[in-house]
Amino acid sequence: MVKKLKLIDSKGLRMDGRKPDELRPIKIEAGVLKRADGSAYLEWGKNKVMAGVYGPRECHPRHMQNPAKAIVRCRYNMVSFSVDDRKRPGPDRRSTEISKVAGEAFSSVVFGEQFPRTSIDVFIEILQADAGTRCAGITAASVALADAGIPMRDLVAACAFGKVQGKMVLDLDKEEDNYGEADVPLAIIPRTEEIVLLQMDGSLTTKELQQGLKTGIDACKQIYQIQKEALKRRYAVILEEEETTEGDA
Amino acid sequence: MVKKLKLIDSKGLRMDGRKPDELRPIKIEAGVLKRADGSAYLEWGKNKVMAGVYGPRECHPRHMQNPAKAIVRCRYNMVSFSVDDRKRPGPDRRSTEISKVAGEAFSSVVFGEQFPRTSIDVFIEILQADAGTRCAGITAASVALADAGIPMRDLVAACAFGKVQGKMVLDLDKEEDNYGEADVPLAIIPRTEEIVLLQMDGSLTTKELQQGLKTGIDACKQIYQIQKEALKRRYAVILEEEETTEGDA
Amino acid sequence: MVKKLKLIDSKGLRMDGRKPDELRPIKIEAGVLKRADGSAYLEWGKNKVMAGVYGPRECHPRHMQNPAKAIVRCRYNMVSFSVDDRKRPGPDRRSTEISKVAGEAFSSVVFGEQFPRTSIDVFIEILQADAGTRCAGITAASVALADAGIPMRDLVAACAFGKVQGKMVLDLDKEEDNYGEADVPLAIIPRTEEIVLLQMDGSLTTKELQQGLKTGIDACKQIYQIQKEALKRRYAVILEEEETTEGDA
Amino acid sequence: MLEMTEAVHELTRSHILRLAAAGKRGDGRGLEDQRPVSIQKGFVETAEGSARAKLGNTDILVGVKMEIGQPYPDSPDRGVLITNVELTPVASPDFESGPPRPAAIELARVVDRGIRETETVDMEKLCIESGEKVWLLFIDIHVLDYHGNLFDASNYAALAALTNTLVPISSKLGDGKDIPLGVLHYPVSVTVSKIGDILFVDPSLEEDRIADARLTVTTDEDGHVRAMQKGLEGSFTLDEVIRIISLSQKTGKKVRKTILEA
Amino acid sequence: MLEMTEAVHELTRSHILRLAAAGKRGDGRGLEDQRPVSIQKGFVETAEGSARAKLGNTDILVGVKMEIGQPYPDSPDRGVLITNVELTPVASPDFESGPPRPAAIELARVVDRGIRETETVDMEKLCIESGEKVWLLFIDIHVLDYHGNLFDASNYAALAALTNTLVPISSKLGDGKDIPLGVLHYPVSVTVSKIGDILFVDPSLEEDRIADARLTVTTDEDGHVRAMQKGLEGSFTLDEVIRIISLSQKTGKKVRKTILEA
Amino acid sequence: MLEMTEAVHELTRSHILRLAAAGKRGDGRGLEDQRPVSIQKGFVETAEGSARAKLGNTDILVGVKMEIGQPYPDSPDRGVLITNVELTPVASPDFESGPPRPAAIELARVVDRGIRETETVDMEKLCIESGEKVWLLFIDIHVLDYHGNLFDASNYAALAALTNTLVPISSKLGDGKDIPLGVLHYPVSVTVSKIGDILFVDPSLEEDRIADARLTVTTDEDGHVRAMQKGLEGSFTLDEVIRIISLSQKTGKKVRKTILEA
């Protein structure tokens, strides 16, 4: 018999002390990899994510080239030791699906028309997984895209919401995801509130969904601020490096 | 101990009441799929087969193109739930072999010289399998080729014969195939009686084989009539549709 | 408990009677395959190896072509029945690694600049394996390369040395390899003593290694003589064949 | 060739949008109309359950097979549901032989989630011996003819096949009588595509090809949302999502009836 | 490049047909002559049985390996026969590394059928423990040099290797003495190719390349037909098939003797 | 494009050789200097052990996972070591998704040999039940950023991760307390590349790209050589090999200290 965990206490707080609409702590650092054209490292609760971007570059294989614009491809990958039971290396069905929908989300913001026949390749490596890795990965990769200088109409920010023991909550952790009643990953374009990724499983009424989507959109906007600050810090470093270089010259 | 089934009764009749040289009931309907260039659905005893044809179309991969003529390719596929124990999806060694010999059989009737560098792709899907699926598939696919308007010197008709408890019989069903002494799938060009597919396993004397081949060729000619009737019904429908369309215009 | 085998006797001799620096018997016959451009069959102790070479020929796939020179590729393959427990056909990780380092060793002697955009393909088939198959394979393939008429600065000769029950020995057999303390496969260009392949596992002091390498280089030179004799016999046969042919004409 | 395709796409797109401005579609439907749904249960006798579903000209055959196997370590008392999609090359010139591509995997996972999350089948009933032996329930979705909107047609065929499934106790356990698998809930998906600013219920083949965004919403018999999947490069507003949910509930109710009565 | 090949094919074809009109072949044989067959049993000591067969310059090495494994559920009292062909790239510039292609699979299956259908090996003797443990009998066919007619050379090497096989009881069961596997029957295949209207027994490399149709007939020591396989895009008449069967019986008798005496 | 690359290679090569003639390197190092090594142990909590190693800008994350499985038949009393390398495409534009290519396999095998041959881990301690149940020890090497010399950085990260590993007794055996895996020896590899006639310790990315030959030597804390791997198309003289061994011993000592103290 599985002992029923009490995930929400009598004060309405969650096991880690968060309020229902409170995010886990998020830290982002841009520009952490030297080889990739852009990169970002993110910690979100216990999630640790590395994202890197290459491109625009010549698209291989050639039959995938689009003469009208760059194609945006994404590879979401869980590292074998990022979960409790070792995951066999290589894509499984879950990561193939996530790669697909994440790539579609990025396509909606990238100005690909400027780079016909090229690819923009986004790599998301989940180094340590709690729940919410796809939202964490999309959030990090979006910063990496900006760090790579890819022209975009805006960043993409992502966050999940769901229902746990009858309560609508934001940003589920692993226990909440395992024992909760619904999980809804969401990604938006913060400036316009357009929804570019939406998945769901569980059970929700229309009203619950409507409420959850509103809270989720607000949370994505909070995350957007964290993304922008990471990029600001990155630009400051770049400026500094450039000045130093000029000083050297 | 496997109980020995009595497959031929004292009157020389088989378990389903057929005479030794009697075919199972066969029904063919041409033009059942909308996307494929040609198609046919066939029921033959308990076999259910869907065949579809695409082409002539640009051949991929390019290195398979023949500058002198169209290549004819066949993919024979047993659907995972077409047999008692679920079959893993994808080609196994048996279906790879059948695809090869069936494709060769169709090549012998198609006028490929008219369409250099193209491929004609024949797909045989076994939806429900009793014995004799390769002959059923070839018979259906041949109608699908005609439905697709592929120029051919003739249809290909196919039927198996074999030996069951000492008796030469036509068109073995599953029990007969499992407990029989020989099985000989055969496909011919009915007009010329040329043999375009011939396989065999079991044990037969030359004389038995000679007799069996004659009966098999006759059976293929019966099947040829059923194929032609299916095509006639199909043309009638097409004509009707065209008249209706003209009436609309 | 594994009974400890006595691999070196009181007189310093090995189980098969060899002295520490003595090679197993080696026989090489060049030109044994008709289809390959060059070939050699080798027996080395209980090892039986067939090597064949094709090329220079147009390199496929094209993206591997080097516009400046021929690429040399090697495929080392252990036949499924060459070992006690049947090996699954196809490359495993060990044979992939050996193929890579062997190919690199051959690259160091082949004059590839004369044949841009081509490939020279070396195939090593281990038909029966005792220990030392990679050295046996390289030794055979080198003769096959010469038999194919590929221009080279020299042959490559290969031999392993190692340490068994405290003694440095040459050319370990299977028992010695299994129970020994170190194994060092080595391949050289005999004329210059350049080392083109070197691998090692076990435990050796610098001094032991230095001594072993010297003995190994000497052994490679002995093997070089056997390689050259095989080629001489081969040329004699070719000359004879040519004379016969002229006689016929 | 792709350039031509781009041009054709643009033409198709303007044609579809022109019609849609007048509330019409290429095949005569209104924007919120689903194509006719027909369900034929029990098409294949070798399967434990089967159904063929047509949604317009989209034609899908689903077979359910049951085998005995091991449970997952983290759910020792539950059967195992495995949903697989074959986009066979007979169904479309764009489908190729070989291992399933991302599109097939996404489709299989969305259908699977709809069935799984709605607890359509009582998976605990499929435990034979805790931690050792359970029923594996394979839902094999075989696409015969692709004319748009595979998500919904696959869902309908899969659900119908489950209602038609007999647990093969006699042949696989060797003892006892086959009993119906039974279905506890009826998850029904409805997919809506967006082209420009316009929503199209149950996209046709042409609409599928040029759609900007796609949202599949699976609801149960109580109208609760059980699964959603947004796809493609476009986006939806919050209001559009809410409207699509309501369209899904409305259309789903009709389809549920069709499946039940088939 | 393919166009050149077409031209070369045409030239080769007319040359072969011109010779054949006079009853001759490129290598001096008559139309019904097989190339010399040589069999070397026991080539590989690491195999439970092995043989190298040469048919002209075609050179094939077969190793038989035996392991302990599980029987198929539908034949719990029988060993399992697995026949595999490796068309290694050393044997021909047309063979590539990688998983077996259709030609290798067809070849393996035809050789397998010949051996299986003739009940060459008493598979019931290979049961160790009913339903649990049986011998797996692997016939691995390794093509070293391809010069036409792999079907027959593979069959000869496989049959010879089986006659040479010792069941590895001592090493694999750990107890007891190795005993000969034993062979109950001697299925021998003979392949005849058709070019134009002419039949060629045991096609050479050149004949293989341009043949219109191919028929492999496997007969046993009683002259009964045990397996057949027609290949390629051409066709045979009924009379041709009957004639090929008789050619196979005649030639097969001689080969059987060679294998037995090797 | 490759032609351009050739030209760039030649330019890089002459530049590197010109600097080297004066005992210098592009990044300011001397010929025998290793780049700075930094080790961060315990980076990933979901792994039984982990470490991130930087060697200059080369950045590698290693996770150790332990599972219960079966021993190999020929070593029933020993755990099983499995070393795997992922050259993920994020780490370099030259790495591609898909099954490991020869370079990744060579890298994994060289790191594995260093650890295995030095008996770094007491594999007999990892036997749970002779012949039945042992610990599988997975060393997963995940390359995040490739800037030259993966052999050494992988070795350092793997060794550091092993020193940091807890055997997950509580979660996997369900009973007892987790204990440190423990490390018996400290195999450290040092790689030296040869360009022209000059040896470069710890090749940078540029040096990796144009190197003629490469030798990796793994030594233990006693200075014994435990593994070697020569790579690339060039060659070494006997004297060069002996010199590289001595360079490896010297540099390895410093790195060993860094790993121990991390």
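Order as written gives the chain letters A, B, C, D, E and F; numbering starts at 1 within each chain.
To be clear about the criterion, a contact is a pair of C-beta atoms (placed from the backbone, for glycine too) under 8 Å apart; a residue touches a chain by one contact, two chains touch by 3 or more.
Remember, it's a predicted structure, so these values are computed and weren't measured experimentally.
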> Given the touch definition stated above, what is the smallest step count connecting chain A to chain F?
Replying inline: 1
> Common contacts of chain A and chain E?
Replying inline: none
> Can you name the chain that lies farthest from chain A, using the mean of each chain's Cα atoms as its centre?
Replying inline: E
>> Over half of the residue-numbered contact pairs in common: that is the test. Which of B-E, C-F or B-D passes it against A-F?
In response: B-D
>> Measuring centre to centre with CA averages, how many angstrom lie between chain A and chain B?
In response: 52
> Which integer distance in Å separates the CA centroid of chain C from that of chain D?
Replying inline: 58
> Using the average of all C-alpha atoms in each chain as its centre, how far is it in Å between chain E and chain F?
Replying inline: 48
>> Touching at least two other chains at once: which residues of chain D meet that condition?
In response: none
> If each chain is a dot and touching chains are joined, what shape do you get: line, ring, star, complete or other?
Replying inline: ring
> What is the order of the chains around the ring when you begin with chain B and head toward chain D?
Replying inline: B, D, A, F, C, E
>> Looking at the complex, which residues from chain D come into contact with chain A?
In response: 2-3, 6, 102-103, 105-106, 108-109, 113, 116-118, 215, 220, 223-238, 241-242, 245-246, 249
> What residues on chain D touch chain B, complex-wise?
Replying inline: 43-47, 50, 57, 59, 61, 63-65, 67, 84, 86, 88-93, 97, 99, 138, 140, 142, 144-147, 171
>> With touch defined as at the start, can you tell me which chain A residues reach chain F in the complex?
In response: 33-36, 39, 46, 48, 50-52, 54, 57, 75, 77, 79-86, 89-91, 121, 123, 125, 127-129
> Mind pulling up the chain C residues that touch chain F in the complex?
Replying inline: 65-68, 93-94, 96-97, 99-101, 104, 107-108, 184, 189, 193-206, 209-210, 213-214, 217
